[in-house]
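Per-chain residue numbering starts at 1, and chain names A, B and C are given in the order in which the chains are listed.
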Amino acid sequence: MTWTRSALGVLALGTSALLLTGCGASGDGGGGGNGGGANDGTGEITGSIEIAWWGGDARNEKTNAVIDMFVEANEGVEANGQSADFQAYFDRLNVQAASQSLPCAVQLQGRQLNDYTSRDLLLPLDPMIESGAIDVSDIPEAVVDAGRGEDGNLYFLPYGAAYDAVGINTTLAEQAGVELPEEGYTWDDFVTFLEDAAAGLPEGTRAIDSNGGRPNFFIGWTQANGKTLFSEDGKLGFSQDDLVEYWTMWEDLREAGVTETAERTAEEPSGPDQGYFANGQLMSDTIPGNALTPVTAVLEGKGEGHEVTTIAYPSGPEGSGNALYPSGFAIPASCDNVPTAAAFVDFFTNDMEAGLVFASDNGAATNTAVLEAQLADPELSETKKHELELFQEIVANDPPTIVFPPGYQATFEAAFRQAYEQIAFGNQSVEEAAAAFIEQANAGLGG
Amino acid sequence: MTQQLAPGIIADAPGSQWSKGTRSRSKRREALVALLFLTPWLIGLVLLTLGPMLYSLYLSFTDYDLLSAPTWVGLDNFVEMTTDPRFLASVGVTLIYVAVSVPLLLVVSMLVALLLNSKMKFLTGYRALFYLPSLIGASVAIAALWRQVFGDEGLLNAFLAFLGIEHGSWVGNPDTALGTIVVLTVWAFGSTMIIFLAGLRQVPGELYEAASVDGAGPLRRFFSITVPMLTPLIFFNALMGTINAFQAFTGAYVISGGTGGPVNSTLFYTLYLYQRGFAQLDMGYASAMAWLLVLVLAAFTALFFWSSRYWVFYGDK
Amino acid sequence: MATTSLPVPRRLFPARLVKNRLLTGIIRHTLLVCLLVVILYPLLWMVAASFRPNNEIFNGLGLFSGSFTLENYANGWAAGQQGFSRYFLNSTLVTVLSIVGNLISCSLTAYAFARLEFPFKRTLFAILLGTMLLPYHVTLVPQYVLFNELGWINTYLPLIVPRFLGTEAFFIFLMVQFIRTLPRELDESARLDGAGHFGIFARIIMPLALPAIGTTAMFTFIASWNDFLGPLLYLNRADLHTVPIALNTFLDSTGENAFGELFAMSTLSLAPIVGFFIVSQRLLIEGIATTGMK
């Protein structure tokens, strides 16, 4: 009998020991200090770093090629890249954050940035810019600002600026007998355009997806109409009436049969090259600007001769509705090789050769010299060229910079889609859903 | 180690004539043998399993966002559940799913196992083919495949249109989306079937021969021999099926793209738990949900074991 | 070997029986084939789609629409930094070691619970079952912290060591249930012949529990061959990646999706499992078990 008792003793001991290490490791959390002069990014560029990003095979290949160039250019440096699809990437990133083992260069967007900055997990890059370790002179200021946190410090250096655009299937538009909206068109013009088109579209096609649940479209609408998206304290800045107005607009379109049905939108696959627009079943849709190339390829595969193009989001009394959503690399406070990480961040964003290899795979290159070099390349495909030129046009129109409060990606985006689904499937009135959404979002935002 | 222990056990083997002293000695020896057999598991339990489990139990009483240290909040997480509409929705979805999918899965896999437990041509081939769906049940490819079948322009609707029936999307409709996931579960009946098949193989043939001599028909032989002999495995499949159904995650995650939509109609308990823990960085709440589920499942398991005395027959009794 | 469907009174109606048998056979095969077509259509579609160019994948529900190409297989196989030959090799290594680990640890544990008496048996069994009840999502983080402290990140240890330590209670429970269907008289007679517990375990129970072993091996094969989350968290270097991680790289919700290559490599990744199934069921589920019973 004695063995059992001692075995149980061991069991209890082992467990509590584990518990202690578990708590201890997590207990160190949050306080990741970033004091000290070493964090201005100066110092010897050597040793090994981990680099993490999201993306599929095509992007991995390009990123790895750039990493190889970086290693070659810096003797004594070893770099290992780790990538995964967007959602899996963040699952892993958060687990790594929980155990204080974040890679030294992690890719982020403004949409999640402040989840990390509000817990002091990232190093501000401003000292590294001052020390010259990171160069931002070739990047438009509006674009750099998209990498700033709530406290105004720069936390990631945008290397590629994604934007959303209205994709238009010009073949279908022609069949419907409508002219493309002209530059500077408003939301009212856009709605009229859709309604006019709906009447003349061939069977089996619709004017646009049921888009009331897409946060980026809504952001475009608020910016064009001068609404505040987020208040100073990181809560919602627009009113329930604003949201009701917006969703009513979409509901009117859906009920009139201008948009896709709620059911079909619910089952639509998430990748822009998999959606109904890429299938030639929609005359227009909101798509990421850099989806034009894959969408064109899919439509070619259909062999029905459909052609597509992209135009900027509708604008309004307050100007452009096109926000930029740049991605860039951040350096965690737990990084033990800041000089090398800073050198990599700078290299990835500013090196000309690297920029040409990466070829604006994740949004247009933010470095203007790199962007122009890409545009000057005679090999550049027509669609890719259009993507980059539209980006230039949007930047020229002084796009708004949005600081997303902590909890944005976690709470706002999912809740927004769910709330509109409740309306589209007839479970709630627009007012009810708007009220419920505002309450839910405010509870999760600004954390 | 086997060599050293074996002689002692052999010496004790004829148990019926033991005196009281030798009996307790042999009991102790058997316990020692059991410890040896259990050593790997006990090490794993102590070092790998219990620690993380108990830590998550602790987290269920905290506010923990993964990114900073947990703070103790007592029962707040559990209290929040009582008014959280999505939590309540997920409970409803999961209960319906358990009630429908578990019996369906058991019946279908038992029927196919019986069908495949006979001498016939291409038997191995058939078994492998019936097993195929459960091999890719969790693959990323499944979402695309399911849309091909149950989507608006899917196979099922093409078939219905052929019969002159019009129907919209099954995956995209809140009323039918859960049904398509039940179908996915039943479609991947292979694992449950394999366990039944392996069990059927263990039923001694002599029993059937004896019953046949007594003039029992196929149906009677099924209910008086096959079913009783299989009860330990029916019990196993029913219990594991229930536990798995309560913890169902992958099917809904893959098919709804992780959203649990449309309108929360496929928001399984564990899917919501995952959303809270990882997407919304609310691991304290997720842990609380997990431990509530443990309590419920423990009650179910206890109920199963209690009821098993009345209907499960072990060969070792 | 008699089965439930074998007609009993052979000698009485021999002529009708042959006819019946033929008829039953035909009916049975027709039924099975029809059932299989319905069940396997999605998979057949996937295989067919894997032979289409990427931008024609979703053109239609038929199996033979669009043009035919082997490109997806060629491109897919070469995809990633290392190519799929490496990923298949890695997956095989992890899977084989996982199977060995699970078989050893689970069968030992199961024998103790099914056949031996020891103190706290019921409590320990309850704990065993209890470990199955907690959704794995909430132990991911503490487990990661643990393996990180041990320095096991970027090794296969977090995927393999737990299996040698019987952390998957499902298989232990499965084997316990199997062993308990075996009559105890078998052990008793072996004991009378002078066998100890290890002898009974190795020479009596294990051969008789071969169906359970085959099942465990098969399920472990599938679970570790398809495991995504474990390799995602613990294997961050391309030369360590397993097949599911590599498959995931074909999908990119923020960029281009390569469904053709995904389907092609998914099809290929099914092949080893099917092969293993056929081998394991030939060896384990079919013959030996039944002959052992007699």
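In the analysis below, a residue touches a chain if its C-beta (ideal position, glycine included) is under 8 Å from a C-beta of that chain, and two chains touch if they have at least 3 such contacts.
Every value quoted in this text rests on a predicted model; they were computed, and no experiment measured them.
Colleague: How is the touch graph of the chains shaped: line, ring, star, complete or other?
Modeller: complete
Colleague: Looking only at C-beta pairs in contact, point me to the busier pair out of A-B and B-C.
Modeller: B-C
Colleague: Determine the centre-to-centre distance between subunit A and subunit C, using the mean Cα coordinates as centres, and give it in whole Å.
Modeller: 38
Colleague: If you average the CA atoms of subunit A and of subunit B, how far apart do the two points sit, in angstrom?
Modeller: 38
Colleague: Whole-Å distance, subunit B centre to subunit C centre, using C-alpha means?
Modeller: About 14 Å separates the centre of subunit B from that of subunit C.
Colleague: I need the residues of subunit A touching at least two other chains; which ones are they?
Modeller: 1, 4, 18, 22, 26, 87, 91, 95, 98, 270
Colleague: Which positions in subunit B are in touch with at least two other chains?
Modeller: As it turns out, subunit B has residues touching two or more other chains at 31, 35, 45, 47, 51-52, 55, 66, 144, 278.
Colleague: For subunit C, give me the residues that contact two or more of the other chains.
Modeller: In subunit C, 58, 118-119, 141-142, 146, 228, 248, 251, 259 touch at least two other chains.
Colleague: In the complex formed with subunit C, which residues of subunit A make contact?
Modeller: For subunit A paired with subunit C, touching residues are 1, 4, 8, 18, 21-22, 25-26, 50, 54-61, 64, 80-88, 91-92, 95-96, 98-99, 101, 270-271, 273-274, 279, 288, 290, 294, 297-298, 300-302, 361-362.
Colleague: Which residues, counting only subunit C, touch subunit B once they are in their complex?
Modeller: Subunit C residues touching subunit B: 1-6, 8, 25, 28-29, 31-32, 36, 39-43, 45-46, 58, 61, 104-105, 108-109, 111-112, 114-119, 121, 124, 127-135, 137-139, 141-143, 146, 161-162, 164-167, 170, 172-174, 177-184, 191-192, 194-199, 201, 208, 211-212, 214-215, 218-219, 222, 226, 228, 244, 247-248, 251, 259, 262-263, 266, 270, 273-274, 277-278, 281-282, 285-286, 289-290, 293-294.
Colleague: Going by the contact rule at the top, pick out the subunit B residues touching subunit C in the complex.
Modeller: Answer in residue numbers: 2, 5-10, 13-14, 27, 30-31, 33-35, 37-41, 43-45, 47-49, 51-53, 55-56, 59, 66, 114-115, 117-121, 124, 126-136, 138-141, 144-146, 148-149, 153-155, 158, 187, 191, 194-195, 197-199, 201-202, 204-205, 208-209, 212, 217-218, 221-222, 226, 229, 232-233, 235-236, 240, 243, 247, 249, 270, 273-274, 277-278, 283, 286-287, 290-291, 293-294, 297-298, 301, 314-316.
Colleague: So in the complex, which bits of subunit A are touching subunit B?
Modeller: Residues of subunit A touching subunit B: 1, 3-4, 7, 10-11, 14-15, 17-19, 22-23, 26-30, 87, 90-91, 94-95, 97-98, 115-116, 119, 121, 261-270, 407, 410-411, 414, 417-418, 421-422, 425, 427, 444, 447.
Colleague: Under the definition above, what is the set of subunit C residues touching subunit A in their complex?
Modeller: 53-56, 58-59, 79-81, 118-120, 140-142, 144-146, 148-149, 153, 228, 232-233, 236-238, 245, 248-259, 261
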